[in-house]
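Starting off with a structure, shown below.
In this document, chain identifiers A, B and C correspond to the written order of the chains, with residue numbering beginning at 1 in each.
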């Protein structure tokens, strides 16, 4: 039964019942299909690869010498034993950061233009930005395979960045535009009356006010870049693979599920750390401003 | 904020949503019922480009059934998908080492030889292979050599040798080919090529030798354009890539494609003098396949000399079927890269799976190659 | 004004960047050459070939069915979650709802693959894909609904309650009509995400079950003929029409999204 009590949090039985009825289904679903699987990934990183792939059993097999089973720190030792793996993480974050930066630079003029245009044209312009996004991701990557081939840029790091920017640009335009649209033009007029030139008006009024839009756009670009293996795989060269390619390979080529799980966990932790850092930076900036 | 919908609009939207959901459920049920119907379909899980359209059509006409193919580009990929619980395939086409792996996992259905009289067509040297003594589970279909395909015109221009693995491993050659070389995205194949180049047996388990091979790969990697299991066919034919590590039948196709498109260069391919990997691909029956009857019919069909010759004529693969040889075009039958002569044959090695521990070491080394 | 000019020039540059590659795809779908490298001649053969391509049509049907099922369930569960998050401020639910949205897709794909195979020993197929899609869509819907509720005047609900409406009646006749644009937006968003999803589907799709993105992916890797271009062109046309339709019937959906 679905129903909601919107009045107060009166602990009536009806109120409690409704509360459970509303919260339970999504909660149960997500526990089963998100939380649990995530914990399994954590557990898997501590196990051995199976005989034929997959995972070896948890219990050490009695009387089966030479077969690895049970829990182990082997994968972690392998990862931390060599700095090159840290390097690939660094490279992935660099590509994600570069993509985000380029997206900001390219999205800003468009978002600004749309926000300043008359209402009737705005919807059309927004539509035109979303439209490429409406075509399938792989189609957009494929388009670049055709274009970059003759340009001799295929299988290079530039191809990867171009592909990433192309695919994520609309994600930056939309939040930015939504934010810019809410700006009060009176502020800019006042500044102009006070003698500020175009650049000053932008840099000291528009840009700071748009920071929340930039942040949400950045989040919508940075994180998906880290999870998108198709682009380095199809457009990149031998030196361009990123963390997500490595993870995918462990599961689908190497059949080394423990290593794949461990890399996934490392990636999650890295993203959480970065998010935490960004939140802390935002808080301290606001505190100081 | 826009004015809220009138009650009528809300009801309309709700009804629409409701009927939408209802349609979903119906559609879902319909789909599931349709897909569970027993259709006269034979499901093949096979290398891409391994059965020509004409052959497939002829079989479909002969058996009044449909042939459906799904593709993989690497034995590992096929095994991984099967491990992940894939069912529904009648026939797989694994290479020798994968046949052994599948037999060990008890994933194959034994053949009913009484329904395969033409199995006598298979040349004696391909019967009783190490991976399936007595041919209890497998019927050899085609073989390929993993070798180097190249843009003959370009390489002549650059004065580069075309008969040695050094072409893709030695910086002195790679310098002239920077960004124009692709290699197979396969642990065993690429490490195997490196081992062969260094003069070792590909089944050698000495970790020191593997380290050597690994270092060789890492040194050469910056010059390679990308790892590719199948896109190299097109890249060679277009002219983007000048040297590709790949399978002889794929190189044959690239050669023909380039000719057909009237490109200003010719594609050649040759087995390097140091030796190469030989892969014999076999038809096997997956234990969980729904139509073993159709599958056996298909195998018998493909054992007939005329039909078996197709894979060579149309695709340029080597053929273990003796009855097929007279039907194969002489230019193909005489191509030493496709049909290696006995003198060459002794330099060819077949891949055999390692034990679990060695596999893991190799896997980790492969990851290192990818990352460094 | 010179500044307006630069703004226009830069924006047009970006628009061109967005559209030129797609134009190339469409153009080459009419190219009479299997190699897809240089322009040879005009032909519609590839579209004809496409209609006979059973794999593609099957994949399209799968994608559609999965998207419809997944987005319906996700909208229902997501709406519930959004309402719960707004009204009851639970501690754990927001985390579980939002994290699938925030983490890289590959993690979700990997964890579901492990869960389905290791714990449930489930054969991957349509069901696994649908479940995966629901999991990441719930978050989007919930966020939209919560945002929508946050801007609302609470007194209207109190009024309904005071007039003697049961919770269910309040929901059906007051809440639902008010959040309906959000619900529709959430549905459309989940639908688009599901149809377009590649990474997660890649991990949890069984063999023999393809969705359109997976099919295109295998076509790109294996047999790169202009048939891929033809599919792309058709898909773009289809999505364009859908978006045009959506913007006519729910114009502020676009704004309600971000």
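Just so we're on the same page, a contact is a pair of C-beta atoms (placed from the backbone, for glycine too) under 8 Å apart; a residue touches a chain by one contact, two chains touch by 3 or more.
Everything quoted here is computed from the prediction, not taken from an experiment.
Of all chains, B has its CA centroid at the greatest distance from the CA centroid of chain C.
Counting C-beta pairs in contact, the pair that comes out ahead of the other among B-C and A-C is A-C. Inter-chain spacing, taken between the CA centroids of chain A and chain B, is 34 Å. Each chain gets one centre point, the mean of its Cα atoms, and the points for chain B and chain C are 34 Å apart. If you average the CA atoms of chain A and of chain C, the two centres end up 16 Å from each other. Residue positions 54, 149, 251-252 of chain A are each in touch with at least two other chains.
Shown for chain B are the residues in touch with two or more other chains, namely 238. Residue positions 36-37, 113, 117, 221 of chain C are each in touch with at least two other chains.
Chain A meets chain B in the complex at residues 49, 51-54, 66-68, 78, 82, 84-85, 87-88, 149, 152, 154-156, 236-239, 241, 245-246, 249-256, 259. Those residues of chain B that touch chain C in the shared complex are 1-2, 4-5, 7, 9-10, 13-14, 17, 20-21, 23-24, 27-28, 31-32, 43, 45, 48-49, 68, 70-71, 73, 81-82, 84-89, 229-231, 234, 237-238, 257, 261. Looking at the complex, you find that chain A touches chain C at residues 1-7, 9, 14, 18-19, 22-23, 25-27, 29-31, 33-38, 40-41, 44, 54-55, 106-107, 109-110, 112-113, 116, 123, 126-132, 134-147, 149-150, 166, 169-170, 174-175, 177-178, 198, 216, 219, 223-224, 226-230, 234, 244, 247-248, 251-252, 257, 260-261, 264, 267-268, 271, 275. Only residues 74, 76-77, 79-80, 83, 101, 105, 179, 185, 187, 221-222, 224-227, 238, 240, 356-357, 360, 363-364, 366-368, 370-372 of chain B touch chain A when the two sit together in their complex.
Here chain C touches chain A in the complex through residues 3, 6-8, 10-11, 14-15, 17-22, 24-25, 28, 36-37, 77-78, 80-81, 83-84, 87-88, 90, 92-93, 96-97, 99-100, 102-108, 110-115, 117-119, 131-132, 134-135, 138, 142, 154, 157-158, 160-161, 166-168, 170-171, 175, 192, 196, 198-199, 202-203, 212-213, 216-217, 220-221, 228-229, 231-232, 235-236, 239-240, 242-244, 247, 251, 254-255, 257-258, going by the rule given at the top.
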